[in-house]
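Dropping the structures in below, format is C-alpha cells.
In what follows, chain A forms one complex with chain B and a second complex with chain C.
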Partner chain A sequence: MPSLTIDGREVSVPDGTTVIQAAEQLGIFIPRYCYHPALSVAGNCRICLVEIEKSPKLQIACNTFVNEGMVVHTGSEEVESGRRMVLEFLLANHPLDCPVCDQSGECDLQNFYMNFGLYNPRFREHKVKKQKAVQVGPHVMLDQERCILCSRCVRFTDEITETGEFGIFNRGNRAELGVYPGTELDNPYSGNVVDICPVGALTEREFRFQARVWYLSSASTVCNGCSRGCNIDMHYVLDRPHLNQGKRVMRVKPRYHGDVNEWWLCDEGRFGFGWLDEGRLEAVRGPTEDASWEHALNVIAKLMQEKRVGVIASTQLTNEELFLIREIFPDARVTASVPERPGSSDDFLIKPDKTPNTRGAALLGLAGPNAPDAEDIVDEAIAKKLDVLWIMGHDLVDLFGAEKARELSESVELLVFSGTNESPTAELAHWVLPTASYVEKDGTFVNCDGRVQRIGQAFPPLADSREDWRVLLDLARLAGPSLEWSSPAEVFRELSEAEGAFANMSYETISDQGALIPSAKPTEAAS
Partner chain B sequence: MKLSDLEGQAAEILRRYEYPKAAMLPLLWLVQENQGYVSSEAEAWVSRQLGVAIAKVREVVSFYTMFHTQPVGRRELRVCTSPPCVLRGANALLEQIKDRLDISPGETTPDGAVTLTQVECLCACEMAPMVQVDERFVGPIEGEVLDQVIGDALSAPGAPESAPEPDPYICSDGPVLSSRFGDPDGCWFDAFVAQGGYEAARRVLESMTPADVIAEVSKPNLRGLGGAGFPAGRKWSFIPKTTQPKYLVVNADEGEPGTFKDRYIMERDPHNLLEGMIIAAFAIGSHKAYVYIRGEYFRSAHRMQRAIDEAHARNWLGKDIQGTGFDLEVVVHRGAGAYICGEETALLTSLEGGKGSPRLKPPFPAISGLFSCPTIVNNVETLACVPFIMRNGADRFAEIGTQRQGGTRLFCVSGHVVRPGVYEASVGVTLRELIESEEYAGGVRDGNELKAVVPGGISAKILTADEIDVPMDFDSLKAAGTMAGSGGVIVMDETTCMVKALDAASTFFADESCGQCSPCREGTAWVHDILRRILAGQGKLEDLDDLLGVAGGMEGMTICVFAEAAAWPVQSYILKFRDEFEQYIRAGGSADREAAECQA
Partner chain C sequence: MAIKVVRRPTLTLWEKTYLPQILRGLRITSGHFFRNLFLHTAHVFGRFKDVPASVTIQYPEQQRGLMSRFRSRHRLMSREDDTPRCVGCMLCETICPAKCITIVPDEHPNPTVEKYPVSFDINLGMCVYCGYCVEVCPEDAIRMDTGILDVASYSRDGMKLDIHQLLDPGLRKPIATCNLDFPHKCGVSGGEMKGSWNGSEGRS
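For the complex of A and B:
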C-alpha cells in the first residue's frame, strides 16, 4: 500500500492504483475526457495533466501509477496552464454550436472551459468541416465536428459489447469517428455510448431537441424492465407542459452500481419508458358513470368479506404491496405466478424474466413452486369455484386467449382489473382501478441476484391513479384486518419482521446500494 | 483475380502470424496487388479472414496512405514533396508533372494509364527531386529524365523502363556498414560468406552465452541508430528471463525526412542485417523476428526476402541453425504509408494489425511488446553494426567512435550540397566535415553560402552556418541544443526561404500525425494553417508568438515524441531566423513580397 501526497493530503492506496484513482479517493476531481473507469486507458485527451515532483514534465494522471512517497499537485500553475492549452487544442476545431446541441448544460467542454479554461482563443484559422447529424443507429446521432476523438465509444464497442461497430477513420486532424458505411450501431446497449461521450458528439435520437437538460429533474430508481434491476435515474419535467407533448418522462440514464449494472443500461430499459405517459388508465371505471375510488373500494370490500376471492397479483408489484396482499387476503386464492413468456437475454445485463420482482414474490410465497398457478385460478373462477377475481396488471387476453378471458368475465360475480395502462382485460373487467407506475410510488424489488433495492418515488401518480399499496391499505381499513401502517416504509418494517429473508433490513440499510438477502451469494452482476 | 481465389494465399499468410489480426496489412496488400484497390467487398473479405469487425479494417485502410479505396490507373506515379526534395525543386517538378499529365494529385489520366499521387518523404533524398513509378525510385528528375519518367508512367506495367537507375554518391569505405555497398549484386549469400559473413554468428551460437553477447555489445557503447540513441546492449538486457515467447522486431520503417541509410543496408547488404538479427535474437532468447519495412520500400522488401530465402536454404535461419540447436524464423512485414510507424510502439500496433497509434509507456516493449510479449525493437543500422563488433571485437568498434558512442554511422547528406549521398564516417566526424569535405558531400552547391543545417532528420532543431563545428555523436549534438537523430543531414544554402522550408516541414507533420493525442492532432494542423496563411500574405506579426505558443503546447504533452519532433523545427526556425519571418510577414501581400522571398 504505497502512500502518496496529493495537494498536500496523504493517502494510501493499493499497488497498481493510478493517480487519477488515488485523487478520487481524496475527493479531488481531476478533469478527464478519454479516461473512463470501465474502459482501457487510452491516454489521448491529455486533460488530466498533473505535476509530479521530481518528474521533468507534466504527467497524465490516468496512466501514472502511484509510488511510495510520490508528491502530486493537481492545481499548480503549471498544471493549469497545461490544461488550458489542451482545452485550447480541443476547442480549436470545435464548432461551438452549443445553442443547438443537446449536450449543452452537461458538456465537459463547457464545464472544463469554465473551470480550467477561460483563455482568450488564439485560433484564427478555418475550422475543419466534418459530417453533422449522422444517424449511426436506431438510437444514436453522431456529430463528427463536436467529437474530440477521445475514443471512449470505440473502446465501449470494442471492449464491453465486443461488437466493434465504431472506428476512428483517417488520421491527423482528418481523423473522424464513424461506423462502417452501411452498418449501424444497433447492439442492445447502444445508448450507453451517449452517456460516456463527454461532449455532444453522440446524442440520443429519442431525446433530440426535446428539452434543455437544465429543465430536467432527476430521481433515482430501479429499472422494472427485467429482473436485473439496473439502477437508473429518471429524468422528467413536470412544470413545462409545452415540452415533449406534455409527457413527464424525458429520458432514462443508468446510475452506477458496481454489483448490478456498473455504468450501463440496455436500450430496452433506456428507451422503453413510453408507457409511463402513454395509454395510461387515469380514472376509476365501473358499472355506473359516477364510478369513484370510494365506490369501487366499498364494493370490493363488501364482496371480499363474503365471497370466495382470487387474486392474480404481479411480479411488477413491490414487496410491500405483495406483502399487503398476503395479509389482506389470508383466505383467498392468491398468486403472482403468471406464465409470462421469457424475453431475450444475454450474459451481460439482460435477463429473460421481464419483470422486476419475481424473486421478491417467491420470498413472500406468491411465486415459485409453492404458489398456485394463475391459469388454475382462472379455471377455478370459470368453474365458479371463485366469485371474485382481481387481476393486477396482467392481460389475460394475451395470456390465455380472448375466449377464455371473456368466459371468465361472464363467470365471476366481480372481475376487478387494476393496472397502469389500458389493456383488453381492462375492457372486460367490471371495475377498473388506475394504479401508479413504479416511478410514481415507493417500495422495494428483489432483483435476480437477491438484492433488495428501493425504487423511490420520482413524482406523484398520474391523474386519479393511486399507488397499489395505498389502495390495499384503504381496502384493509374497509374490510379489516385493520392495519395501522400508512407508508411503504412502515409496511416494509412489518415485512422485515415477518419474513426472515428481509430480517434486519430497513429503508435506511437498503439505502441506494440495496441489500442482499441472506441466501443470495455474492455474484458478479455485470462484468 | 476474385477474392475467393485469394483464399489459399490468405491462409498461407495467416500461418506466418501468431494472431490472425496481424495479417491485416499483408492481406490488404494481397487484395490491392490483385485487384488494384481495396473495395468495400475486399474490406468485408479481409474482416472475415481475420475475424475482426469491418470497422477495424476500415480504420486501417484509411490510416495508411498507400491503400486505394477506388480504382486507380494501371501505374502510380508518386511525387515526393517533403523538405529535402522541396529544397531541390520538388514543387516546381510537381507543377511540371501536373501539366504534362494534365491531372492533379489524386487523379488518374482519362485513359486510365497513371494515377498521380503527392507523397511525403520517400526517404530517397539523395536523389532529390525524385519520384516513384510503381515500385521503382527515380531521381534526380532533371532534364531528359523527366521525359523518361513520364514515358515510363504512361507505358504499360512491365514494359522496359527508360528512366535510368539512380546513381547517387555512395560511400563504400566501410569499415562497419558500407563496405559491400559498392556492388549491388555482390551482397548475396556466397559473396557474403566468402568475405567472412556469418562467421560472427557462428562463433556466437557455438561458443557464447546471451550474457556474453550483451556484454560485448554494451562495451563499445553501440547506440540505437534509429534516432533515440539508447544503448543497444542495455535495451537487450531489459528482456525478462521468463518462458514467454520473445520477439525481435527490426524497425525498417525508415521515414524521417533526410534519412535513407536503412534502405542501403537492406538493398545492398541484407545478409549483414540478417547476421546481426541472428546474434541479437540469440542474445534476447527470441526465435521469431519480424522486419517491418515501410510500404514504399518495395525493393528493400524483395531483397530482404531473397536474403532470407537464401539463409533458410543454407540453414542460417529456420530450425537448429548450423547444428547449434538455435531456431529463428524471420518474417518480412510491409507497412503501407505512415511515418508514425517508425515510432517503436506504433510499429508494434501496426504489426498487430491496427492503425499505427503509439502506445502508452509503461509498459515498455521489452516487458510487454508484440502480442503482449517481451519484445526488442532495433533499427536496421543498429543491428547491422553487431556482426562487426562480434567479428572484430568491442575494442575495435569503440576505437572508431567516441568514448560514449562507438563505431560509425551512415550519414545521409541531402539538400544544397554538391554530392548528396550516404557516407559512412566515425560518429565523431564534425558536421562541417560532412558538408564541406571532398571525402563527403563536397561543400555547398554552386559555391553558395551555407545558411542552415538540420543535422539529424527533419525533426532535429536547425543549426545556423556558424554552429556546424560539432561532432555528430549523440551527446555532442545534444549539447549543441539539437540531436543526432537519424543521421539525416539536410543542408540549406543562402537561397533558402526559411518560411517555405518550415512550411514544408509543417506539412509533413500535419500529414503524418496519427491524430490520437489532442495536442498533436490539433497542433500540427494549426501550425500548418498559420504558415499557409503567412505564405498567402495574410500573416500577422503575432502569428509568430502563436506558433511558438502552439509548439510549446505540443511539446512533452503527448503519448509519443512525434509532437516534440513537430514542435522543434517551429521553435528553432523562428528563434534563429525571426527577422526573416518578420520581414516576410511585413511584406505580406504587397509587391515587396516577391522581393522579400528568397528563391527556394
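For the complex of A and C:
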C-alpha cells in the first residue's frame, strides 16, 4: 500500500493504482478524454497531465502508477499551461461548430476549454476537412472532423462488445475514425459509444437535433425493458412542446451502477421509449359516452364485492402495486404469471424476460410455480366460472389469439382493461382505464439478481391517466374498509413488514443503489 | 429603506383666486402661438432663418428617422440562395427572456450546413424587444433593423410571425402563397413541408 500526496493531501492506495484513480479516491477530478475506467489505458489524449515532484517533465495521470512518497500537483501553473497546450493541439483540426453540435452543453472539450483554454489561439493554418454526418450504424452518427482520436469507442468495440467495428485510419493530421469497410456499427450496445465519446464526434441519430441538451430535465429511474433493471437517467422536456412533436421523453442515458449495468445500456433499452409518448390511452372509456374515473371505479367496486373476480396482473407493475392487488382482492383469482414469449438475450446485460419485475411478483406469490397461470384464468372466465376479469396491460389478442379474446369479452360480465397504451385488448374491454407508465409513478422493481431498485416519478401522468397504485387505493376505498395508505412509500413500508424478503427495507435504505433481498440468487422465474 | 416624505405644494391665496392663473396659462400658450406664427411667416420671407420655430411632424405620413442601433421588428437574414442563414442552433430561443421564439430544427441535406430551421416563429405579443437574440446569434441570422414599429393586430394569432414574414418583412398577414424554396413547416399550406431542394445537394 504505497502512500502518496496529491495536492497536499495524503492517500494510501493498493499497488498498481494509477495517479488518476488515486486522485479520484480523494475526490480530485483530473481532466481526461481517452481514459475511461472501464477501458484499457491508451494514454493518447495527454490532457490528464500532472506535475510529479522529482520527475523532469509533466506526466499523464492515467498511465503513471503510484509510488511510495510520490508528491503530485494537479492544479499548478505548470500543469495548467501543459493542459492549455494540449488543448491547443486537440483543437487544431476541431471545427468550431458548437452551435449546431448536439454534444455542446455536455462536451468535455467545451468544459475543459472553459477551465484552461488558450482564448487567443495561435493556429493560423487551415483546418483539415473530413467527412461530416457519416451514418456508421442504425443508431450512431459520426462526424470525423469533431473527433479528437481518443480511441475510447475503438477500445469499447474491441474490449467490451468485442465486435471491433471501429478503427482509426490514416496518419498524422489526416488520421480519422471510421468503421472498417463493409461493416456497420450495429451491435446491441452501439449506443454506448455515444456516451463515452467525450466530444460530439459520435451522436445519437434518434436524438439528433431533437433538442439542445440544456433543455433536458433528468430523472433517475430503472429501465423496464428487461429483468436486468439497468439504472438509467430519463431525459425529458415538458416546457417546450414544439420540440420533437410534443413528445416528453427525449432520450435515455445509462446511470452508473457497479453491480448492475456499470456504465452501459443496451440499444433496446436506450431507444425503446417511444411507447411512453405514442399511442397512449388518455381517457377512461366505458359503455357510456361520459365515462369517468369515478363512474368506472364505482362499477368495478360494486361488482368485485358481489361477484367472482379474476385479475391478470402484470410484471410491469411495481411491488407496491402487486402487493395492493393481493391485499384488495384476497378471494379473487390473481396472477401475474403470463406466458410471454422470451426475447433476445446475451451473456452481458440483455435478459430474455422482457418485464422488469418478475422476481418481485414471484416474491409476492403472484408469479412463479405457485401462482395460477393466466391462460387458466382466461379459460375459467370463458367457462363462466368468473364474472369480472381485470387485465392489467397485457394484450390477450397477442397472447391467446383474437378468437379467444373475443369469446372472453362476450362471456364475462365485466372485462376491465387498465394499461398505458392502446392495444387490441383495449378495444374488446368493457371499461378501459388509462394508467401511468413507469416513469410517471413511484415504486420499486426487483431485478433478476434480486436487487430491489426504486423507480422515481419523473413527471406527472399523461392527460387523464392515473398511477396504478392510486387507482387501486381509490378502489379499495370504495369497496370496503379503507386502507390507511396514501403513497407508494407507505405501501412499501407495509409490504416490508408483511413480506420477509423485503424485511427492514424502506425507500431510504434502498436509496439510489438498490438493496439486495436476503435470498438473492437467480431463480427460474427470472429466466 | 429610507422614507422620503414629499409635501404636496399648497396654493397661495393669489393662486386660489383662480382667474389670474387661467390668464397666466393662456399667456404662455398664446405666447408660443404668436412666436411660431411670427417666426414661420418670417422664415417664408427669408428672415430670422437661424432662429428655430416649433414643427409638427405629420405622423403617420411623415416619420422621424430611427437611430441606427434602434431595436425594431425582427427579420431573418438569407444566404445568397435565399435560404435562411439560420442554422437552428436555438441559442436565441435559449436566451430569450420572454420565451417568445420557437424553433423546430431538422437535418439539412448538405452535411456541411448540417442543421436548418423547419419553422421559426416569434410571438411579438410576448417579445420584450431586448435584442438578446440578435446578440447571441453566431450566424448573424436574425436582426432587429426593419424599422417596423407599428406592430398591431386584431388577434393574438396575428402577433405571431412565422418564417415567411421573418424572411420578408414586407409581407403582411394573411400570406397568400408560400414561395420559400426549402423544406419547412408551412402555415400557408397547412403545416405541410413545402418546397424542396430539388437535387441541390452541393449548394450551401
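Following the convention adopted for this analysis, the second predicted complex is superposed on the first by the 517 of 527 C-alpha atoms of A that agree within 3 Å, B and C clash if a C-alpha of one lies under 4 Å from a C-alpha of the other, contacts with A are read in each partner's own complex, and residues count from 1 in each chain.
Criterion: a contact is a pair of C-beta atoms (placed from the backbone, for glycine too) under 8 Å apart; a residue touches a chain by one contact, two chains touch by 3 or more.
The shown structure was predicted, so the numbers you read here are calculated from the model rather than taken from an experiment.
Touched residues of chain A, counted separately for chain B and chain C, are more numerous for B. Look at A:H242: by the touch rule set out above, it reaches chain C but stays clear of chain B. Within the superposed three-chain model, A:Y180 lies in touch with chain B and out of touch with chain C [touch as defined at top]. By the touch criterion stated above, A:F169 is placed in contact with chain B alone, chain C being left untouched.
After overlaying the two complexes on the shared chain, residue contacts for A:R493 are found with neither chain B nor chain C.
Legend: residue contacts after superposition of the two complexes on their common chain; A:R208 is shown touching chain C, with no touch to chain B.
Legend: residue contacts after superposition of the two complexes on their common chain; A:R122 is shown touching chain B, with no touch to chain C.
In the superposition on chain A, contact of A:K404 is made with neither chain B nor chain C. Overlap of the chain B and chain C interfaces on chain A: none, as no residue is touched by both. Residues 41-47, 49, 57-58, 63, 65, 82, 85-86, 88-90, 92-93, 122-126, 128, 148-149, 163-175, 178-183 of chain A are the ones touching chain B in the complex.
Only residues 97, 99-100, 131-133, 208-209, 212, 214-215, 240, 242-243 of chain A touch chain C when the two sit together in their complex. By the touch rule above, chain C contacts chain A in their complex via residues 87-91, 94, 102-107, 111-112, 114-115, 119, 138-139. Residues 40, 43, 52-56, 58-59, 62-63, 338, 355, 360, 362, 510-519, 521-526, 529-530, 533, 546, 549-550, 552-553, 556-559 of chain B touch chain A in their complex.
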